[in-house]
Structures are given as C-alpha cells and as structure tokens.
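Both complexes shown next keep subunit A, but they swap its partner, so subunit B is in the first and subunit C is in the second.
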Partner chain A sequence: MNHATRRGNATFGVLLVLIGVSIAILNAVAFHPGAGTQWTKRTEHVHTLEDGSDVRWTEHEAVSVKEGREMAALQQDAAPLLSRTAGLWGAAILTLCIFSFLLGDNPLYKAAEAIVVGASAAYWMVIGFWETIVPNLFAGLFPDWTRANFMPKLSAEASVDFLLLIPLALSVLLLLRLAPKIGWISRWPTAFIIGVFCGLRFISSLEADFLSQIGPTIKPLIVMGENGFDLESSFSNIVLVLGTLVCLVYFFFSVEHKGAVGKVARSGIWMLMITFGAAFGYTVMGRIALLAGRFEFLFDDWLWLIDPKDAHPAQVFLQTIAPMLT
Partner chain B sequence: MYEFLRDLDRRVIFSLMALAVAVPILLQITPPEKATPIVRDAFETIEALEEGDRVYMAFDFDPASAGELQPMATAFVRHACEKKLKIYFTALWPVGPQFIKNAERDVISRDFPEMVYGEDYVDLGFKTGNEGVIKLVANDLRTQYPQDARGTPIDDIPMMAGVASIRDFDVIMNVSAGYPGTKEWVQYAVASAPDDIKLVAGCTGVQAPLLYPYYPQQMSGLLAAIKGAAEYESLVLGKYGRENEPGMYQEGLRRMAPQLSGHILMVGLIFVGNLVYFMARKRGEA
Partner chain C sequence: MMKRTIPMLLAMAAGIVMILAYFFPPLTPLQDKTTVWFNILAAVAFILGGGNLLKVHLKKVSDRREGWAYSMITLAAFVGVLAIGLFKIGVNPLDEFPDQRMAGDFRAEGSGFWYVYEYVFAPLTATIFSMLAFYVASAAFRAFRAKNLEAILLLGTAFVILLGRTAAGVFLTDFLPEEGMLANFRLENLTVWIMNNPVTAGNRAIMIGIALGTASVSLKILLGVDRSYLGGGD
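Here is the complex of A and B:
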C-alpha cells in the first residue's frame, strides 16, 4: 500500500468518526432530545466526626433516563449529570475511533489506543496500591498507621507481622532492575517467583490435566441404554477414544511416521485441524458478540434508536420501520 | 464476476459484517433458544441447591469481554437470587469489582431489595495473586480475605460464620475471560477436593474448547460463549420469568440474532473465498 493510499484511508477513518459524531449531535438535538444523557439520583450525606465537625458529601446513584424523569416529576432530586454524560459520549466517540481503524490507520485511532493503554496502566497502578500494597503490606507492617490513614475498620487487635519483610525485600530487589549496574540482583526474586509457580503448576497440571483426564477417556465403545443400544453415546465415545489415540500417535516422534503409523498420525492431524476449526468458530462467535455489544451500546445508550432495557423514552427506529415491514 | 470477487475491497466485507450485526439489533429480533445438556447441567446444579446454601461467585473478567460475559454474570446472579442462595462475590481480575457493583445495582438492589448485605450477599472484592489466591482459599479463606471490599472485618459479617475454606461452599460459579479463570479454578480448587467442590462456569468462546474436557467430571456445567449465555437465560426465564421481563435478563438472547446473520455471512465469505481460490488455481493465477 503506497503512501497516498494510506493517507486516503486515514482520511476516510477520521471522516467516519466526524460523521458519526455529527449524526449523534443532530440526533440528540432534533430527533431524540436528550439522547446520550446520563441521569443520577442525588443523595446528600452528613457524617459527624468525633470532634463535632460535619463531613458532607453527595452520592450520585445511576438511574435510567425514564426513572430519572419520573423522579424529577415527583420533585425528587434526580437530574442529568454532566460528568457521566460526558463519559458516555467519550465512550461512544472512542468506540468510533477504534472502528475507524478498519478504514485505515489514522490519528484518532492512535489517540484512542493510547488512551486505552494509559488508562489501563493507571488503573492497574491505583488498584495495585489500594488493593495490594495497603491491605497486604502496610496493614501488616504498620497496622496503627494504616488504621489511622487508610483503613479505619482495620482490627485494633492487628499486630505487626515481621514475615512481610521478606516479600518487601524481594519487591525492592525486583525494582533494582531499573538500575543497570545492579540490575542482575532482580534475577533472585524473579527466580523465586518462577520456582514457586513451577512447583504450583506442576502439581496442579498433573492432577487436573493428566491424571483426572485419564478416567474420562476410558469409555465403553458400545453403550447400552435403557432402550437398548444407544447410537449417539456410542458414536460419541468412539470418536473420543479414537481421536485421543490418533492425536497421541501424531505426537509420538520415537517412531518414524511411515506406513500404518504415518496414516494414523495423519488422521491425528485431521483431528487437530477439526479442533482448531472449532476453536476458530468459537472465536468468531466471541468477536461477533463483542461487536454486537458495542453496537447495542451505540444504538441504545447513545443514540436511543432502540430501547431493549426500557430505560429511555425512544423507540423511534422500530416505530418508523414497523409500518414498512407489515 | 471472478475479477470482482478477486479484487473485492476488504472494506466491503467490513461493511457487510457491520450490516449483518447491526440490522438484527435495530430490529430487536430475539430467536428462541433450546438449552444443550452442558448448559442444562449448569442450571440443574444451581436448581438442586436449597435456600440458604452458599455460592462462591467469582467474576474473573474485564470490560474487553463484557459483551460476551456480562449476560452470563447477570443470569448467574439472578438465578442465585431467585433461589435465595447466599452469594459471596470475589474477583481475581482488577476490574472484576466493577462488575460485582453492577450486579449489586442492577440485579440485587433493583429486583431483590429484600436481600441484606452481609446476610444474603457479600462482596469480598479483588485479590491479587492469580492462582495463588485460589490455592490458598482452597484451604484457608479467612486469611486471604480478612475483610470485605467495604473494609468490614469478616468476623463482623454474619454470613461469614462457618466459612473456613472453599470447601464450605456448595457451588463455585465462575465467569472467566482467561487467566486466571476457570482453568485455574479447576486446577487449584476442584483438583484439591474433587468430591467436595462443584464448579459451574461461564467462559469466552476462545476458552471453550480448552474447558470442554473438564466436563462433567471436574466441572458440573459450562456456558460456552454468548450461545451458552443465551441458553442459560432461556432456562432462567422459563423457570422464573415474569411479565414485562427487564431487558437486561435477555441480553444474551438478543445477541443471538446478530450471531446468526454474522455467521451466515462468514460461512458465505469462506465459501466465496475458496471458490475464488480454486478458480484462480484453475486459471493458473494462484
């Protein structure tokens, strides 16, 4: 693909996003007023501290547009929330940016890709700090300080666990990788991690994927049911047993794959190909489900063209198309 | 015709697939589903439980696979609520807690408001460590989860009384998008006590062929991809369906119409692609 074609495709991609956003804005203004808004029910909370001072905060609980409008009509505190509405529009626009890659690599796709990667990395860091370092390390080594600053519900009986100094030391050693001169020290904690997981996996794989699989593979080739010969189960068992055997023969390289062994090994390849085909079929199913999920988000939450969850007041697409179908 | 098909722009194929998926969604077509034995077994495993039995609900997935797995998670939670089971939510994926919150908000608070946090359901939150966590909770859950996601010590949570390890649960219900997920639950939990631990799982399509060998010995039932979700939804709706059923309980069923049209298109494209290949070979172009 030459430079001009690539540039043309990129322009198409950017145009797709811009057209999509323009249509959505037109839709939200002219056809479905308010489309793409997110409503919340607001609740004010007040908590009195030990020193008598009050701490106030507002809780925004997501409600559907329909529920929100009904609450607003009853003078309850529900209204569209700008930050969540912006979030929904952002999600929709980023979806279009990602789709635009199908027409060609373009700056909007690159931006969306960078946002996904950056947001994921930041999320992992925050979660890692609050869900791992604070409760697993700080709470064990400095319980009083952690209770005072991070975890007020931490038990007052929690004592210092000096064993946690070992994982702390290993973590610090792992970070030495960032220092080129002494980076080799990080191999020690890495070796520890690999050793532990090899041991864990060896036992579990042997039990779950080898020993436990032997029994279910030994099946009767002729199954007799309540009404006599059971053709379906018999066929299923024959395919299972023969399939296992021919695949095992294919992976048996101590004997040259010639003659009868070669023919059996070849049927093993066929069996593997069928397995890969089934896996590919499932993958296709998964990808279509994901695409359908994104389309449903765009048509339902963003554009209000459909309303399967009875969440907002518009079903105009169906109402428009129904007379044409009948 | 041959030249047209041979030189077909890939963007035409993308557009056809977009139409094949979008049109059934816009028309809101919901084809009927009949449950296969592997899904029915999953359903029956939950059906066989008594009121107050404990289920360990592990949400091991993220937004990238929510299109496939959210319908299963919703159906699992709804089924457990209908059966009045005690639900213990956990996650081995960092974004799993968000889906637990969604389940609390969309299913429990909305349709089962009588359920009380700490007595009928509890959120134990995310725990880092992948299969290490599974290995540990198989023997000692209380050390791994000294408190719930809200920071409450588990000794202060009524429904945690009598829970020491994963063996104290009647069923593990796992929704899995990959590693760590169902495979690890089989390897580290079920393998440690195959007679004591029952596992029912929902997984992505990519994982399904790898998990089928575990059924029925090591896994009581499996919901494979969106098809499994739709079948499970049809069973739950058949047993507990109400008038004006909320649309979120039919998410999997709704996604089967785009599946059908998308697959028909895919099969057609594979056929046409092969036809073009053989024609090219016949003409000496391939």
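Here is the complex of A and C:
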C-alpha cells in the first residue's frame, strides 16, 4: 500500500467518525430528542456523625428511559444524569474510533488504542492493589491502620503477621527490576513466582488435565442397550476412544511417523482438524456476538434507532422500515 | 551465587513445598501462606508492568520519537485511571461506616472506577475484540481453501458448527425427522454429536499432551535442569 492510499484510508477513517458523531447529534436533536440520555433513580443518604456533623451523598441507580419517565411522572426522584450521558456519548465515540480502523489506520484509532493501553494497565493495577495487596499484605502487616482507613470490617482481633515481611521484601526486590544496575535482584522474586507456579501446576495438571481426561475415555466399544446392540452409542464411543488414541499417536514424536505409525498419525491430524474447525467456528460466533453487542449499543443505547428491550420510546426507524420489508 | 544459585534454590523450595503439601496435609497451612505470598507478588507484578509502561512512554515523549503524542495519551489515560482507582474518586461510603469514605467499594455503581470500566474499558476492549469478526472472515477466506482433505475437514466442521448453532441450521434440515437414525443428520443434532465425540477426542489428546508437557517442564525447573527463567549473565 503506497503512502497516498494510506493517507486516503486515514482520511476516510477520520471522516467516518466525524460523520457518525454529526448524524448522532442531528438524530438526538431532530429525530429522537434526548437520544443517548442516561436516566437514574436518586437516593439521598444523610448520616449524623458522633461529633454532630452530617455526611451526605447521593446514590444513583441506572433505570431505563421508559422507567425513568414513568417514575418522574409519579413525582419519584428520577432524572437524566449528565455525567452518565456524557460517558455514554464518550463510549460511543470511542467505539466509532476503533471501528474506523476498518477503513485504514488513522489518528483517531491510534488515540483510542493508546487509551486502551494506558487504561488497561492502570485498571489491573488498581484491581490488584485493592483486591490483593490491601486485604492480604496491608491488613496482615498494619491491621489497625488498615481497619481505620480501608477495611472497617476487618476483625479487631487481627494481629500483625510478621511472616508477611517476606512477600513485602520480595515485592520490593521485584520492583527493583526497573533499576537497570541492580535489576538482577528481581530474579529472586521471579524465581519464587515460577517455583510456586510450577508446584501448583505440576499437581493440578496431572490431576485435572491428565488423569481426569483418561477416565472418561475408557468406554466400551460395543454398547448393548435394552433392545440389544446400540449402533449409535457404539459408533460414538469408537470415534471418541480411537479418536483420542490416534491424536495421541500424532503427538508422540519419539517414533518416526512412517509406515503404520505414519498412517495412524495422519488420521490423528484429521481428528485435530475437526477439533480446530469447531474451535474456529465457535471463535467466529463469539466475535460476531460481540460485534452484534456493539451494534446494539450504538443503535439502541446511543441512537435509539432500535429498541429490542423496550427501554425507550423512540422506534421511528423500525416503524418506518418494517412496512417496507413486509 | 547471588544471581543464579539462590534464585534457583528459592524456586526449588517454593515448588517442592507446594507439591509436598498435596501429599502431606499437615503442610497445608504452609501451602496456603505460600499461595497468599504468590498472589501478593502477582499483584505487585501489575505494578511493575505499570512502572515499565511509564518508563517506556516517558522516554518516548522526552526523546520526541515518532508517535510521542500517542504516548502522551497513553500516559494521561494511565495516570488518570490510576488516580481515580487508587484515591477512590466518586466512591460513596458504606452506610455502616459513613465517616470512612475510603472504605467504600471502588467498583460500586457510580464510582469513578465504575465509569472508567463502563464507558472506557469495556466498550473499547469489546470493540477491539469484535473487529476480529471481520478479519477472521477474510483470513478464513484466504487460508481455508478446500485444497486437501485436512482443509476440507477444518472448513466443513466450522461450517456445520456455525450453521448448527443458529436458527439457519434448524431451518435448513427441518425436513428430516425428529426421531430415528435420520434425526442424527439434522444440523443441530450433528453439531452436538461432533462436539461430544470427535471434538472431545481431539481436545482430550491436546489436554493430555499439555498436562504431560506442563508436568515435565515443572519438574525440570524444580530439579534445576531448566534454568532459562534466570536469564543470561552470571
């Protein structure tokens, strides 16, 4: 692809996003007023502390537009929420930015991709911090401080576990990987991680993946049912048992795949091809389901052009198209 | 000694404790403790990853290398999400502990981190994965030309599975009876049979192979035969 074509594709990609957003704004103003709005039900919380001061906060629970309007009509506290509406529009624009890659690499796609990288790294760091480091390390080493600040439900009897100084020290050593001159010391915690993982997987893979796979494979090749010989079950068992065996022969590389072994190994390849074909079919289906989910987000939640969940009142698009189709 | 022998002994000790605990139940508390330590280190590894990301992108920005503007966006997204998550921005306190804002659930609906997940992380990752639907279709068109028996089997199975799991499959073979031998050839039944028999056979062989491979690699590492994880140098 030459430079001019790439530039053309990039322009098309950016145009796709801009046109999409323009249509959405036009749609929200002229055709489906309020499209993309997010409604919430509000609950006010007021608590009086021991010193007499009040602590207040508002909790928002998502409701559909239809439910929200019904609640508002009944004088209940439901209304559109600007921050969530802005969030939904932002999500829709980011979705279009990613889809623009279909027309070629472009700055908007690259920007969205950069956001994914940064946000993902921080996302998993935050999850690891609050769900593993705080309850397992901080709560064990500084129980009073952790209880006072982060985990009020932590048992008052929890005592300091000095053994946790070992993973704390190993954690510090692991982070030293970022320092080039003494980065080698991170081999110690890395070795610990690898050792534990090997020990865990050694047992679990033999128990769950090896032994438990062999047991259900030992099946009778001739099945006798209530009415005598059961052809269907026998054929299924033969395929299962022989199929597993021929695949295993294919994976056995200590003997050269020649002559009889070669022929058996070749039938193992056929069996594996069927397995990969099924895996491929499921992968395609999974991706198409995800794609349908994204289109539903764009056309239902954002633009209100369709309404499969009966969540908002606008169905003008379908009402117009349906008579044409029938 | 410090760079190779000690880490190797550490790996051996940690791994052997995990294996022995399976056979000697009195060692289970030690195994549980080691597992907690392992989880802590795995979480710290995410921090290491984040630190590395910062290092790489800050260098790119400071050197004004090609694409440095995107690195700025990455850094902004990283720092923003990190601050929102670690400082629990937008998190409401728990009703039982109204004076402890930092005790609230950081993933609760309406919290800053919830916004990040709902409106940035989930839509972006789902869209990226969904785009594979387009590329997998074009790749399949190029790669799976039915030029030999293996390709025919792969393509045929994928086709049957795709049809059999949708309404189209039921519709196409609706003329076949619902009971008896011929019922097995209805696409929805054929799909189930393929999944339960030849696919299970293939998967089992793969699982057995993986299990044996994992066990042998684990043993090699724990016995000090394989030291590749220690990297090069002394």
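Going forward, the second predicted complex is superposed on the first by the 325 of 326 C-alpha atoms of A that agree within 3 Å, B and C clash if a C-alpha of one lies under 4 Å from a C-alpha of the other, contacts with A are read in each partner's own complex, and residues count from 1 in each chain.
The rule is simple: a residue touches a chain if its C-beta (ideal position, glycine included) is under 8 Å from a C-beta of that chain, and two chains touch if they have at least 3 such contacts.
It should be emphasised that the depicted structure is a prediction, and the values quoted were computed from it without experimental measurement.
Of the two partner chains, subunit C is the only one that A:I115 touches; subunit B does not reach it.
Here subunit B and subunit C are compared by how many residues of subunit A each touches, and C touches more. In the superposed model, A:E296 lies in contact with subunit B only, and not with subunit C.
In the superposed model, A:G215 makes contact with subunit B only, not with subunit C.
Legend: residue contacts after superposition of the two complexes on their common chain; A:A72 is shown touching neither subunit B nor subunit C.
In the superposition on chain A, contact of A:P167 is made with subunit C only, not with subunit B.
In the superposition on chain A, A:L305 makes contact with subunit B only, not with subunit C. Looking at the shared chain after the overlay, A:V223 reaches neither subunit B nor subunit C. When the shared chain is aligned, subunit B comes close enough to touch A:S155, but subunit C does not. Residue contacts after overlaying the shared chain place A:V261 against neither subunit B nor subunit C. Shared interface residues of subunit A, touching subunit B in one complex and subunit C in the other, are 61-62, 102, 123-124, 127-128, 131-132, 136, 151-152, 196-197, 200-201, 205, 208-209, 213, 275, 278, 281-285, 288, 290-291, 293-294.
Residues of subunit A that touch subunit B in their complex: 61-62, 102-103, 123-124, 127-128, 131-132, 135-136, 151-155, 196-197, 200-201, 204-205, 207-209, 212-213, 215-216, 275, 278-279, 281-286, 288-296, 299, 305-310, 317-318, 321. Residues of subunit A touching subunit C in their complex: 45, 47, 49, 55, 57, 59-62, 83-84, 87-88, 90-92, 94-95, 98-99, 101-102, 110-133, 136-137, 148-152, 163-164, 166-167, 170-171, 174-175, 177-178, 184-185, 187-203, 205-206, 208-210, 213-214, 217, 232, 236, 239-244, 247-248, 250-251, 268-278, 280-285, 287-288, 290-291, 293-294, 297.
For subunit B in complex with subunit A, the residues that touch the partner chain are 11, 14, 17-18, 21-22, 25-28, 64-68, 70, 94-95, 105, 125-128, 131-132, 135, 146-147, 150-153, 186-188, 190-191, 194, 204-206, 208-209, 213-214, 217-218, 224-227, 244, 246-248, 250-251, 254-255, 258-259, 262-263, 266.
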